[in-house]
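Consider the two complexes below, in which chain A is the common component and chain B and chain C are the respective partners.
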Partner chain A sequence: MNPNFTDSLIKWTLAVFLVVVFAFLYMPIVHILFASLSTRPNFPYPPEFNVASYIRLSTNTVYQSAFLNSLLLASCTAVLSTVLGFLATVGVLRFAGKRALIYAIFFAAPLFVAEILLGISSMALYYMLFELQGNMLTAIIANAVHCFSFCFLIMAAMLYKYDWRMNEAAIVCGASPLRSFFEVMLPITWPGIMGSLITAFVLSLNGLDVSFYLLGATPTMPSVAWGALRYGVKPELYALSSLINIVVFAMIIALLVAIRLKRKAA
Partner chain B sequence: MQDANLQRRLILDIPTGFLLLFFVMPLAALVTLSFWQTENYKIVHEWTLMNYGTLATERAYITFFLRSLVMAIGVSVTLVALSWPIAYFIVRYGGRYRIIFSLLLVIPFLSGEVLRLIALQGMLGPAGLVNGALIRMGAAPLRMIMYSNAASFIAFIYLYLPLVVTTIYLSLINFDFRLAHAASACGANRFRIFTEVVWPLNLSGTIVGFMLAFIPTLSASLVPRFLGGPNGTLYGMSMAQQFGESGTWALGAAMGVVLFLFSAIALAILSYGVDLRRTGFTGLGRQ
Partner chain C sequence: MSNTSSYIRIDKVSRRYGAFKALDDVSLDISKEEFIAILGPSGSGKSTLLRLIAGLDRPTEGRIHFEGKDVTELAPHKRGIGMVFQEFLLFPHRTVRENLAFPLRMRNEAKAEIEERVEWVAGILSLSTMLDRYPSQLSGGQQQRVALGRGLVARPTLLLLDEPLANLDRELRQEMEIEIRRYQKQLGIPFIYVTHNQEEALSMSDRIAVINNGRLEALGERQAIYDHPQTPFVARFVGKSSKFQGVVQPDGATVRLARHDYEFALPPDKKFNPGDAVEIFVKNERFDISSKQDGGVGIPSTVVDVVLRGPFLEYVLETDRGDTVIAVKPKRNDPIPIRERVLLSWNPADCHIFKDGADDARR
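Right after this comes the complex of A and B.
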C-alpha cells in the first residue's frame, strides 16, 4: 500500500474518533442546556427559549446562600493553595538541590489520595482532637490540600524553564527581593499563576467530597445540588449546571484571549 | 549567606509543614480511629482489631471491594485505550489548534462531578435523551444503561476521560518524534515503531494517567449511589455510608485505611515504570 495513503487513512480515522469523543463529552452538556431552557425538560426537542427555570433559580434563597458560601470557600482555597504551591515550586526548582525529587513526590502525593479519604480523615482528626464538627476554615484547609498538588504541578510545568538569573540580576541592580518578584518574576510567570488560581477555584467550587464531611449543615453549591438530586432532578439544577458551564467557558476564552494579546504585544 | 539559608528554609518548610499538619496528620488520625470502636454513635477508646476482622470476614465488604477493583481496572484500561488515539491525533495533527483541542477537552471537566452526573443522568436515565429517543422511535428503552453497573462504567469514562487524555497529551507533546522518524529510516514498520519506540518512551505518562483514573474510581461514592442501582454498591459508597447513615465511624476508618494502603501499594508497583522526567508534569528535567 502507498504509505501516503496509509498516513492519511490513519489521520482521518483518528479525526473521526476525536469527533465522536467530543460529541460524547459535549452531548450531555448541550442536552441540559436545552433542558434548562425548555418547558419540557425530559425531552426538550425541538429546543425552546424559556427562562422560567433561571428565574426560579435566582429567587431561591437556598441556592443564593449556597452560592455565596461556595464563592467564599473557592476564593480562599484558590489563594491559599496557589501561594503554597508557588512557594513549593520555587523551593523545589531552586533550593531543593538533590532532594528535589523527594520534595516533588511529597508535594504531589495528595493527588493520589482520594478526595473522600481526605475529607473523612480531616473530619476524624478535628473530631478526635477538638470535638469539632467542622466549619468553613477546616473545609478551606482540606480543600487547599487537594488543590495544592494541582497548583504545584501546574506552576512547576510553567516555571521550570524560568531563568532564575533574572531575579539575581534585579537584586544586583539594587531591587529588593520583593520588588524583583513583583517587577520581574510576576510579569513573566503570570499565566502559570493564573492557571493555578483558576484550577484551584474551579476544583474547590465543585468538590463535594471534602466539603460534605467538613462543612456540616453549611450549604454549598455541590451539596445543595446533591441534596436536590435525591428528590429527583429539577429544571433549576439544569439551569445551575448550564450557568456554571457558561461561566467556565467564558473564563477559559478570556484567558486564551489574554495570552494571545500579551504575545502580540511582546 | 545566612539570610539566603533562612529564605530557602522558609520557602520549602512552609508547604512541607502545611502538608504534614493537614495531610499526614489526618491520615494518622484515620489509622488511630480504625483501631478503636464505635458504639451507639460514640467513639470508644479501646484498642481492637475487630474492624479489620469484620472487613476480612464479612461477605458484603469483600464483594464491594472486588467489584470496585474490577470496575477501576476496567475503567482505567478502557480510558488509556481511548485516550491514546485522541492525544496522539492532537499532538501529531493538531498543529496550531493543539491548545484549542486540549482546552475543549478540559472544559467539561471543569463543571464538577455532581453537575456532570446530573448532565449524564439527563442522557442515560429512564426519561433521558437516549431512552426518550428510543421510545419516540417506537423501540423499547435500554434497561442496561439505567441504574446498573454499566451506567456507572459509562459515568466513570465520562468523568475521567479529560484527565487521562491530558496526561497522555502532556507526555506525547514532550516526546521527540524525530526518534520515530529515525526508527522508520532504519526500516521499522509502523507497528514496530509504536511498540518499540513511541509506547515505551511514553509509558510513564500513561501510567500516571492510569493511576489518576484508577484511584478515584476505586474510591468513588457518588457515581454508584446515583447511577449504580441495587446491585451497584461500590467500596467507596459503602465507606461513605459508615460515616453517614450507619454511624460506624471506626469501621469506616478501617475501610479507609485498607483503601489507602491498597492505592499506595498499587502506586508503588506501578511507579517502578515511571520516570518523572518523561511525564511532562514537572520541571525535574534539568539535571
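Right after this comes the complex of A and C.
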C-alpha cells in the first residue's frame, strides 16, 4: 500500500477518534446549556433561543439561597482544606525524613473512603462528641476532610520540586521568615496552591453526599437539584447547572492563563 | 595575619546532632580585610560552620561575635550578612534587577538608594545589560555573578560563600577565582569561602582553615599551609602529593622506605626515635627525576606516560614495586621519553614526615 495513503489514513482515524472522545466528554454539558437557553427544554433541537429560564431562576429564592450557600460552603472548604493540606505537605516534605512516604500514604488514603460513609459518619460523630447539629460549620469541616487528600496530593506534587533553600536564600538577604514566605515561596509555588483551592472548591460545590447529611434543611445546589427530581426537572435547574459550569470553567481557564503568564516570565 | 583586629570571632563553637559531632570546639578569628578559605572534604563540618556564622543553624556550645557583638542568638535575617550558595538560588520569578534589589528592599532602603546600589553592583559585576532578564535566561557564569551581586549589594558585614564555583566549568571557575578575590580587596569586608577544592582555597584566600571530622585541623596563611603542613591530613589534602611508608634507621638520622630501596637523611628539625614507623608525603612538584644511567640513588621507576599540562609536564611513573607516582616538572622541549628507566628521589627538606598513625592518635 502507498505509505502516504497509510499515513493519512492513520491521521484521519486519530482525528475522528479525538472528535468522538471530545463529543463524549462535552455533549452532556453542551446539551444542558442548549436546554437552558431553549423555549422547549425537554427536546431543544433545533434550538430556539430565549432566556426565560434564566429570568425565572433570578426570581426563585430557593435556588438563589442554594447558590449562595453552596458558594459559602465551597469557598470556606477550599480555604480550610488548602491551608491544612499546605501544612501537611510542608511537614511531610521537610520534616518527615525517611517516614515521608508513610505519612504521605496516610494523608492520601481518605481519597478512597466513600463520600456517603464520610457524610453519615461525620454527622453521627459530630453529634455524639459535640452535640453539633448539622449546620454550615459541620458541613465545611466534613467537606474539608474529604477535600484535604486532594489538596495534599496537588500541593505535594508542586512543592516536591521546590528548593527549600530558596527560603534560606531570602532569609540571609534580610527577609524575615514571614516575608520570605510571601515574597519567595508563595510566588514560586502558587500554581499548586491555586490548583488545590480550585479543586477543593469544585469538589465541595458539587458534592451531594457530605453536605446532604450534615446540612439538614439548609439548601445547597446539589441538594436542591436532587430534590427537584421528585417534582420534575424545571428549566431553571438547567440554567443553574449551566451557570455553575461556566463559573468553574472560567476559574480553570483563569488558572491556566495565569500559569502560562508565569511560565513566560520565568 | 594576627588576631588582634578580630572582626568576626568564632569562640569554641560546637554543633551536635544527637551523638554526632558535626563541629567540635572550633575557634577562629577573622579580621576585617581578609579572605579566609574553609577547606575540608565533604562531610567535614565546613558547611555547618558556615551555616552557624550565617545563623541558619545554632551552635550547641560556644559563641559567635561580629564586631565585638554577640550574635549567637540573633536571627539570620538581622545579621546583615551576604551569602552566595553553590546552587546560586536566585529567585526565578524575579528579574536580575529585582533579585539584586531584594536585600535592599528587605532592609527598607529608600527607592533612590536601592536604584543607586543596584546600578553600582551591576556596574562592578558587568550585569548592566541584563538587568531586565530572568535568571533562567542567563548562563551559569552570569547567574553566578548575580548571586554574588545579591550577596554584596546591601553592604554586608561579611560575605559567606558556600562552594560558589562548584557548578561552573573549569575555565570560568579560574576566571571567577580572580574576580572574587578582586572584589574582596576592593570592598574591604571579610569573605569566608567554603570549599573542598584545595586549588580554589590556595588561589583565592589569605588564610586557610582546614577542617576535618568537625575539628579545626590547621589554620594559617596559605603559603604556610601548603609548604609546612602540621598534620598528615593537611599534607595529604592540600596540594597533590604521594605518600610513602618508612622506618627510622637505628642511627636515628636516616629514613628507609618500607617498600622501596631508598634511604634519605632526616631533616635536622625532625626528631624521631630509631625504629619509628613514619609516613612521608612528597608534593608532586618536589620530586627529582634522574636517569638511571647517571647513577645516584632513588626509587627505581619507569616512565609510563607524559601528560602535557600547559607550562608543566606530568610524568606518570611506575616504581619497580608497582606503585604509581606522579611527578610534575616544568615543560622542556626534550621530555624524558616513555619507557625510560629513571630514579625518583627528593630533597629531604622538601618532604613532610609524620609518625605513622599520627592522624588516628589525634582523634
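Definition applied: the second predicted complex is superposed on the first by the 244 of 266 C-alpha atoms of A that agree within 3 Å, B and C clash if a C-alpha of one lies under 4 Å from a C-alpha of the other, contacts with A are read in each partner's own complex, and residues count from 1 in each chain.
The rule is short, and it goes like this: a contact is a pair of C-beta atoms (placed from the backbone, for glycine too) under 8 Å apart; a residue touches a chain by one contact, two chains touch by 3 or more.
Given the structure is predicted, the values throughout are model-derived calculations rather than measurements.
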When chain B and chain C are modelled together on chain A, clash or fit: fit
Residue contacts with chain A in the superposition, chain B compared against chain C: B
Partner chain in contact with A:P222 - chain B first, chain C second, else both or neither: first
First, second, both or neither for A:G174, with chain B first and chain C second: second
Which of chain B and chain C A:R165 touches, first, second, both or neither: second
First, second, both or neither for A:I188, with chain B first and chain C second: second
First, second, both or neither for A:A109, with chain B first and chain C second: first
Vertex chain A; arms to chain B and chain C (CA centroids, nearest 10 degrees): 100
Chain B versus chain C as contact partner of A:S8, first or second or both or neither: neither
Which superposed partner A:T39 touches (first chain B, second chain C, both, neither): neither
Which superposed partner A:P28 touches (first chain B, second chain C, both, neither): first
Gap in Å between nearest CA atoms once chain C and chain B share a frame through chain A: 6
Chain B and chain C footprints on chain A, overlapping residues: 177
Residue ranges of chain A in contact with chain C within the complex: 163, 165-166, 168-177, 179-180, 183-184, 187-188, 262, 265-266
Chain A-touching residues of chain C, taken from the complex the two chains share: 54, 56, 75-78, 80-83, 85, 87, 89, 91-93, 102-103, 106-107, 134, 136, 150, 154, 160
Contact set on chain A toward chain B in their complex: 6, 11, 14-15, 17-18, 21-22, 24-29, 31-32, 35, 42-43, 84-85, 87-96, 100-101, 103-118, 120-125, 127-129, 141-142, 144-145, 148, 152-153, 156-157, 159-161, 177, 202, 205-209, 213, 222, 225-226, 229, 233, 237-238, 240-241, 244-245, 248-249, 252, 256
Contacting residues of chain B [partner chain A, same complex]: 7-8, 11-12, 14-16, 18-19, 22-23, 25-27, 29-30, 32-33, 43, 82, 85-86, 88-90, 92-93, 99, 101, 103-108, 110-123, 125, 127-129, 132-133, 136, 158, 161-162, 170, 190, 211-212, 215-216, 218-219, 221-222, 226, 236, 239-240, 243, 249, 252-253, 256, 259-260, 263, 267, 276, 280-286
